[in-house]
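In the two complexes below, chain A is the common chain; its partner is chain B in one and chain C in the other.
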Partner chain A sequence: MFPTALSLKIFTLGLQNTFVYRWNFLMRLCMSFIPLLGLVYFWGAVYEGRGGVSINGYSYGEMIFYFLLVNLTQALTMPLDDEWQIANEIRDGQLSQHLLKPFNYMGYRILLFVSNRMVYTLIALGPTTLIFLYFHRYLSTPHEPMTWLYTALALVLTATLQFLISYIIALFAFWILEVSTLVFIYFSLEYLFAGHLFPLDIMPRWMYAIIQWTPFPYQLFFPIAVFRERLSPHEMLTGFLIQCLWIGVLFLCARGLWRRGLHKYTAVGG
Partner chain B sequence: MPAIQVEGLSKTYRTYKKKPGLKGAVIGLFKREYDITEAAREVSFTIEEGELVGFLGPNGAGKTTTLKMLSGLLHPTRGRAQVLGFTPWERKNEFKRQFALVMGQKNALWWDLPAAESLELTRVIYGVEETLFRRKLDELTTLLDVRDKLNIMVRELSLGERMKFELINALIYSPRILLLDEPTIGLDVTSQKKVREFLREYGRHERITTILTSHYMQDIQELCERVMIIDHGTLMYDGRLARILDQFSDHKIVGIDSSLPLDHPAFVRFGEVLSTGGQTLKLKVRRERIKEVCRELLSLDGVEDISIQEVPVEDIIREVFASKKPS
Partner chain C sequence: MQRYLDIYRILLRNSLIREMNFAANFWLWLVCEALWFVAQVALIEVVFLYTDSVAGWDKWQVVMLYGTHHLASQIFQAVCFVNLVNVPELIRTGKMDFLMLQPINAQFAASTKQFGFDNLVNAFLGLAFVVFACYKLSFIPSSAQVVLYLLAVALAVVIHYSLTTLLVTVSFWIVRAQGAVYAYYNFMNLARYPDAVFGTAPAAVKFLLTLVFPVLLVANVPTRLLNDITSGPALWMSACLLVISAVWIFSFSVFFWNLGMKNYTSASS
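For the complex of A and B:
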């Protein structure tokens, strides 16, 4: 897509630029532990009420570990400001500057997204380690060495999916003034169906059977399930296929929207 | 082949007309009325390689619209344009490599990083060879007097310094076409002068085909031999600036200094009195009467000195618009 030198340059600029906002990142990160603690107490109460009986194969400790992994997965894969930045560039005409350059805007945004995640993860490393140490008795590593590889693959695909969704939402700025409503609607659904509140496999089977065809589980739950080895080889393969399918579909959507949006942008001027 | 060739370029916008108040907003949900704005009408011109052309017109006249069409940011409703043999709105990469658009009110540099970083990114995007880049950067930063500002965060630079870096950022990959939209807007007088001098020297030396729009007549007067004047989307004049000055300035301004108070009505017979200030007075006199009027003025009691000036270009342009207003 891009020559290596250019990719590297954009990437390092992204790193530097993001690093300017390291304190914002640190604050956000620390704040993200508050809901985590809330969930820990909430599930603690639930398990206590049940006399410590596990829920669909999740013991209390496994539940806590799940939420720690949710936090980690989010730090690694969730776009933070990307959709706002893209939407703003479209709305205030700054996009013109990029259209004049002989390069691909989406590729440019992907590189910035990746560098952004790198910085965030780096900043998250310290506090996350502390939290993990605190809950160390609930942690465990996969039995199968191959699981590490599958997890890494699932995480990369999750990040890709997450980026595409943010990018698509941002592209609506070509037509509507304020994309925040869209972000809000989408995030509400994601919050419920991606596994932010509970592991999706404690849902009734029929419900999960439906949800697994939506993109939501592949934004968060899937890589964690892979890491925790909760999926049969068949389920994992299906998961990877659906994840890739969504990436393909959303990529085509993004391209189509970009073309139509650009057509409108160049019709009325940015 | 000319560098820029434009034929019958037109752009119409449809803008939604909202009736006033809440009631208007509700009606607007069901029945919309649109206004058709013709931002450019049948604009045609040709610019040869290496020319520096001034593009004049009041706000909303169609200058920026035309520049945006030439840079491929805007699709025309009708008409053709060829820039270096490319159709701009196809936005081919080979085309993008050869031209630059600098907009005084838009920012192409990374806000939170030193300008050096943005320039380096530009170098990589446009594939400028490293030693050539160093040499050009050296030359440009010296000419514009910002060598020591390269490593300062862009957001901490003054407006003038930022504009200079915007120019450097646009010129560092040696474009053949340079479109400048109000490059001196909001700058202080010294920076304006510096930028102007730079554009004159550098543009001439490198023979970059340039179109310049500016609110500051001085920019145009000092830089451009040829001007295009546009109003209401229509090109009203395309030719030498000197000719339009001749054509429209059939008057000169005569200033009078006197040791005695000047009586205003007594001067009406010479021409239009533009201003009076007790012992000074300004007259607008027809060109062919200048000699005779000056002679008479000097013979008057108390008149110590007279000066003869051209009518300011602003006034002339205003007159062009007033005399040729399209219906």
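For the complex of A and C:
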């Protein structure tokens, strides 16, 4: 898609731009651990009420480990400012300068997203290691060596899905002035159905069966479930297939929206 | 005082006109806040599939707690939130000049410019959950309980306001302090847990969450006053702490704001 030299240039640019905000990132990261404090005590009380009996195979320690993995997966795969930046570029007419350049805008954005995630992960490394060390007695690694490979694959696909969703929401800026409500509405659904609040496999069975077909679980829960070896080989295969299917569908949506959007684009203030 | 009331009436009118201009936006924000709240309530639904009580609180008492938190936070967000969030931007661009030139208190002007009617509707949604929880518990509060509840909610709103003011005031020194909103949400995340849950927490954590950032008081004290929930720290003490922390944090936020204003140097255009 891109010549290597150009890709490298954009990538380095992304790294540099992101690195400017390292303190901002560090602050946000540290603050994202505050809710963990509540989770530790809240679930502690829940398990105490049950006399320590595990919930659908989650012991207290495993529940805490789940939430640690949620934080880690988010750091690795979740777009931070990408949707706002894209929407702003469209709204302020700054997009024009990119349209004139000899590269594909989505490709350009993907490179920036990847570099952004790398810097963020690098910054997150220190604090995350400290938190993980603090909870070391709850941590465990997969039994099967292959699980590491599957997890890595699931994480890459999750990041791709996350990017596509942010990108599509941002493209709505071609039609509406303010996309923030769309971002927050989508995020509230994701918050509930992707596994931010609780592991999805403790919700009622029928609900979990439906949600499996939506993109939400593949934005967070799926890679964690793969890593924790909570899925049968069949379930895992189905999961990967649904995840890839959604990536395909959303990719086509993104292309379609982009084409239609460009027709609508007027380069305000350009 | 009368002058401020008059000004506020005009501000409300302007906000209403603005809201009616962007009707779609109003509905979208309304849905957005409501969805966040419903997601939280879904957590209670799931957790109570597996247990009958959490640290001595039963399901509908926790729902009451969530409803109360939503009520207090949405009242605060209706009156001030958008305006406070905008303060770092006012400082960065130097637009704070215009607020300072007005013949009214600058903190008042910066906090009340725009009123969020969608948040007001959401505050009623929170209240509806509280009433529904009372119904489910077959519990009719006495008038004394209702009065105490409303007073405690009012103090909670003051604490919400003061904490957010403290967070955004930092941007007088650190120009890029957009993280303030993020900090507010992350801290307030803790307000939804029953305080009894933190019974085994180290004293330092309890001190931090009740006196420094009193997030464990803002929803818990009103709910416990309403429903006489005895589990957790002594109720009279928590209630006293709520009053004390509301007073000290509000005073401190005013002091800190004024300190920030002294430090304000405006920005060239």
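By definition in this document, the second predicted complex is superposed on the first by the 265 of 270 C-alpha atoms of A that agree within 3 Å, B and C clash if a C-alpha of one lies under 4 Å from a C-alpha of the other, contacts with A are read in each partner's own complex, and residues count from 1 in each chain.
Criterion: a contact is a pair of C-beta atoms (placed from the backbone, for glycine too) under 8 Å apart; a residue touches a chain by one contact, two chains touch by 3 or more.
In this text the structure is predicted, and so the values were computed from the model without any measurement.
Engineer: Once the structures are superposed on A, label A:Gln97 by its partner contacts, choosing first (chain B), second (chain C), both or neither.
Structural biologist: A:Gln97 sits against chain B, while chain C stays out of touch.
Engineer: Comparing chain C with chain B, which touches more residues belonging to chain A?
Structural biologist: On the superposition, C touches more of the residues of chain A.
Engineer: Considering only touches as defined above, state whether A:Leu197 meets chain B (first), chain C (second), both or neither.
Structural biologist: Once the two structures are laid over each other on A, A:Leu197 reaches chain C alone.
Engineer: Touching A:Ile185 in the superposition: chain B (first), chain C (second), both, neither?
Structural biologist: second
Engineer: Could you look at A:Cys244 and tell me whether it touches chain B, chain C, both or neither (first, second, both, neither)?
Structural biologist: In the superposition, A:Cys244 contacts neither chain B nor chain C.
Engineer: Intersection of chain A residues contacting chain B with those contacting chain C?
Structural biologist: Common interface on chain A, chain B vs chain C: nothing in common.
Engineer: Of all residues in chain A, which touch chain C in the complex?
Structural biologist: The contact residues of chain A facing chain C are 21, 24, 27-28, 31-32, 34-35, 37-38, 41-42, 44-46, 48-50, 55, 178, 181-182, 184-185, 188-189, 191-192, 197-198, 202-204.
Engineer: Within their complex, state which residues of chain C touch chain A.
Structural biologist: For this pair, the touching residues of chain C are 25, 28-29, 31-32, 35-36, 38-40, 42-43, 46-47, 49-55, 176, 178-179, 182-183, 186-187, 189-190, 192-194, 196-201, 205.
Engineer: Which residues of chain A touch chain B in the complex?
Structural biologist: The contact residues of chain A facing chain B are 5-6, 9-10, 13, 16-17, 20, 93-94, 96-97, 99-103, 263, 266-270.
Engineer: Hey, which residues of chain B end up touching chain A in the complex?
Structural biologist: On the chain B side, the touching residues are 13, 65, 68, 71-75, 89, 91, 93-94, 96-97, 100-101, 103, 106-108, 110, 112-113, 117, 120-121, 124-126.
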